[in-house]
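The structures come next, written out as structure tokens.
Next, two complexes with subunit A in common: one pairs it with subunit B, the other with subunit C.
Coming up: the complex of A and B.
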């Protein structure tokens, strides 16, 4: 900690433990959030190149969509200016909600460090997600914001449909973070059973890019896929938040989308907790 | 040369034994990586359910280009792990000292330290996709075309290796854990689509600065019978050789500049 720059931290240093257990719990997890933030600070160089990386992604898709829209004005309900905004916003929010909880867990298992997690008197799921939240807060300022500024300067990205849509979008993006974190934790619990999980994580990475709607809107998928996706949490990661921003979801449907997103967050939290309970009974510590 | 070949085989055999000690583990890694590669095609598959063509490229032509880009990349990825970790393991942790003490070429030792065998799934997937495309496009391939194809794969792998070798050698001067490798690695995405869709600046960059175009796009245009780029196609071996020589030069300069961390 002493090595980090004197930046304002999101939470004050922990005070002596109070009486209420809820307050105490909050303070513990707030501390994990702080740790996540500070740890990321140590690797801030990585985020400078991250801005370039995200810019490259958006640029590739900008040119692909430009070539596609030379021949048509409207595909699956999107014109060129909408699709460009869709792509840019999708990558900007990804730079915020993204985390590596599953990969971190896999390395903990491989290096036999999981024992250290187990002896902590805290909820492991909440611990991982709190640390990821700290990291995402860092990313919001150091990665998402600069990436957004660069993209807005270079490409003709549309503004939000209205103040109401913007507010819904922001709420939705925060829910996206919790959704991704809960999914990644659930996937991470597989690492305990299967020793080599890195290939599986790579598959999950591409699956999420595609099914979340990051690469292209869900409305581009064949109808049967769209129906199946309605019973999955993935489109709530990227597709729904960006549709809110673009104003393609209106009126009462806004609240309904956010409620469904919240439902999926809670469902994935519950699934992750159950998976952890089930897997952690079978832990073998490698060389621990 | 003969000694190096023997050493290479020993390195490979040794590492294969290490990996196959856990057979089930290796098989899971191989097939889950393959699933990941196949999912990478998802964007193209879904996109072409809505559009007939990308510029004047048909679905199977785009698929061919994407598939081709995977094959040299797969071969390169077998050894690429060593380059990604180079700055961290050899420079910052000072393990390069050990390399210098041995009477074998430094680059040889670094590149063949580890093999990521499961990356061969990219070669397998790419070949399968190309085979499907060749059948659908009705391309008539003789033995001569297959020979050209093999040569282009080798050139492509050499181009990838050279580019990332130059970037890796930068760590000899700047002890930076992160480096400039990740953004350049992400530029590989550019080379999976026709270069002609990009702006002139990007086309120039992908041809002459970071020549990924010569590893995927220009070879593909030849096999698809697009005559516009024939001169570029003939330049592929030249570009590969030039960048390879350049990368060896930069590497050797870097080795001379190396000063141990002392740890």
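Coming up: the complex of A and C.
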């Protein structure tokens, strides 16, 4: 390693070790976003069928709610056009915020591939979330937008309550992505200690659909559940963003909802980071 | 110069539980677990100097990969000290991994579904490689590893040999002073193996890259490294110069000869005596192995030439596989070169 030895290629001086600057970090994780986006291109065919799947989901709920609303015009403050819009918007935004970070991590652990993540000089949590963001950006264009257009053409979906509500909704949907990603990463870290978490993931999947308000508005739950849900992050995934769109949150409550959503995002990031720190000391990698 | 890798009393234990068999056993497993502690790596010591190329060998499950994973910051040791390139790997993983290259022969660090070049671009950013350096090194690898033709192919469409070359290039884009290779030639054909060995020699010579490689293909070691460390059941059995090991531990020499015709075969019986064995390789080719201490090579050759009609004759050293096999069997500890 002596500097005087003639070499064909210059040996870069080792950079001083220290905290990377924010700008450099952003560039690194932006690169993971890009790779997440490009990687998803390989599966673009899957997204054409995805549009059909999402359309079928909404159609099924359309008929269920139609049957329910035959006998009443208003349930917990929702009339039929509200509930239809609620369902359609819920599935449209799900097609954006959805990701498989937890499942990916579970497979990395089961297949002994976590090592390939760990040899990279990056924060693993941010790496997974950045890649998922790339994937979600791809979904926004290839899945959410076409699905939204089809649904708007077929069903009488209401427009946003106001321009302000629309803006709040869009911000909220982006926060939803980070919230889901942070939750999924946290769940994924369980794989390190438990090895196989596929059963746990299935349970999480259904609970998240229920608690996020995707299947049913939170205001339809018994009062005691609603109180409990107030202390959990899940309703900020789907229920709150769609209420913002519908104009069921108004005035200063808009900013308060977004602030609370941001709080949950940060809390889940912190929890995920702590879980990773606690679990990564227990990594065992079989084979290879 | 201080060693670039320093390992002291390094141990890694895994806790597993004994699984009972059958339905009743499975039920028992649910409630009562009998834990076993596996000493994957058991108090090992070694130091590697900058620029060295060291072969780390052992059978399956000997502890090779576990050692490499502790050295690369993936696994946290149960006990002991490890310092690489001035870092404690697991404690400072993010900074440490910036200055090392790692290749696991059985896995790829490249993204499976995207073109190789896209993965390279990402690595360029995360290792903060300046544009000029990146381009120069890419050209260098394109030439010497001939990866140029499939830079734009997704990894899943590459053959194992092609993928391996891309993975090697990926691990060296940032020109790390330290390179870890875990089974870099596993599953490769002879030509591909040779290519990778040549490349590693070149990198080690040109860049003075320190290389630690594990393998169970001993021909890798003979080609690449002067020093070998043999590990078995988590313990180091031998650490030292390859040539020295052969000199000290080779017990046999072997003479391979080709008979002129079949009529000679019958005469071979006369050779079966103390310390000499004769094995058939094919119809007219035979291999005679003899104890170096009991018989001199010259004497054995003379006997062969006098008593048989032979076409050709070759003298060979005992293959390194056989020596290593003997080390495993006898579990010879205490061959370590001066413990630090």
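The rule we apply is simple: the second predicted complex is superposed on the first by the 267 of 288 C-alpha atoms of A that agree within 3 Å, B and C clash if a C-alpha of one lies under 4 Å from a C-alpha of the other, contacts with A are read in each partner's own complex, and residues count from 1 in each chain.
Rule of thumb we're sticking to: a residue touches a chain if its C-beta (ideal position, glycine included) is under 8 Å from a C-beta of that chain, and two chains touch if they have at least 3 such contacts.
Note that the structure is a prediction, hence the values are computed from the model and not measured.
When the shared chain is aligned, no partner comes close enough to touch A:252: not subunit B, not subunit C. When both complexes are overlaid on chain A, the residue A:49 reaches subunit B alone and has no touch with subunit C.
Judged by the touch definition given at the top, the superposed model places A:122 against subunit C, while subunit B stays out of reach. Of the two partner chains, subunit B is the only one that A:196 touches; subunit C does not reach it. On subunit A, the surface patch touched by subunit B in one complex and by subunit C in the other comprises residues 43. Across the complex, subunit A meets subunit B through its residues 43, 45-46, 49-50, 52-53, 56-57, 59-60, 63-64, 66-68, 70-72, 75-76, 194-196, 198-200, 202-203, 205-207, 210, 215-216, 220-222. Residues 1, 14, 50-51, 65, 69, 72-76, 93-100, 102, 104, 106-109, 111, 113-114, 118-119, 121-122, 125-130, 133, 136-137, 140, 154, 174-175, 177, 182-183, 206-208 of subunit C touch subunit A in their complex. Only residues 1-2, 5, 7-12, 14-15, 17, 24, 27-28, 31-32, 34-35, 38-39, 41-43, 112-116, 118-123, 281, 283-285, 287-288 of subunit A touch subunit C when the two sit together in their complex. Taken in their complex, subunit B has these residues touching subunit A: 22, 25-26, 28-33, 35-36, 39-40, 42-43, 46-47, 49-51, 53-55, 118, 176-180, 182-183, 186-187, 189-190, 193, 197-199, 202.
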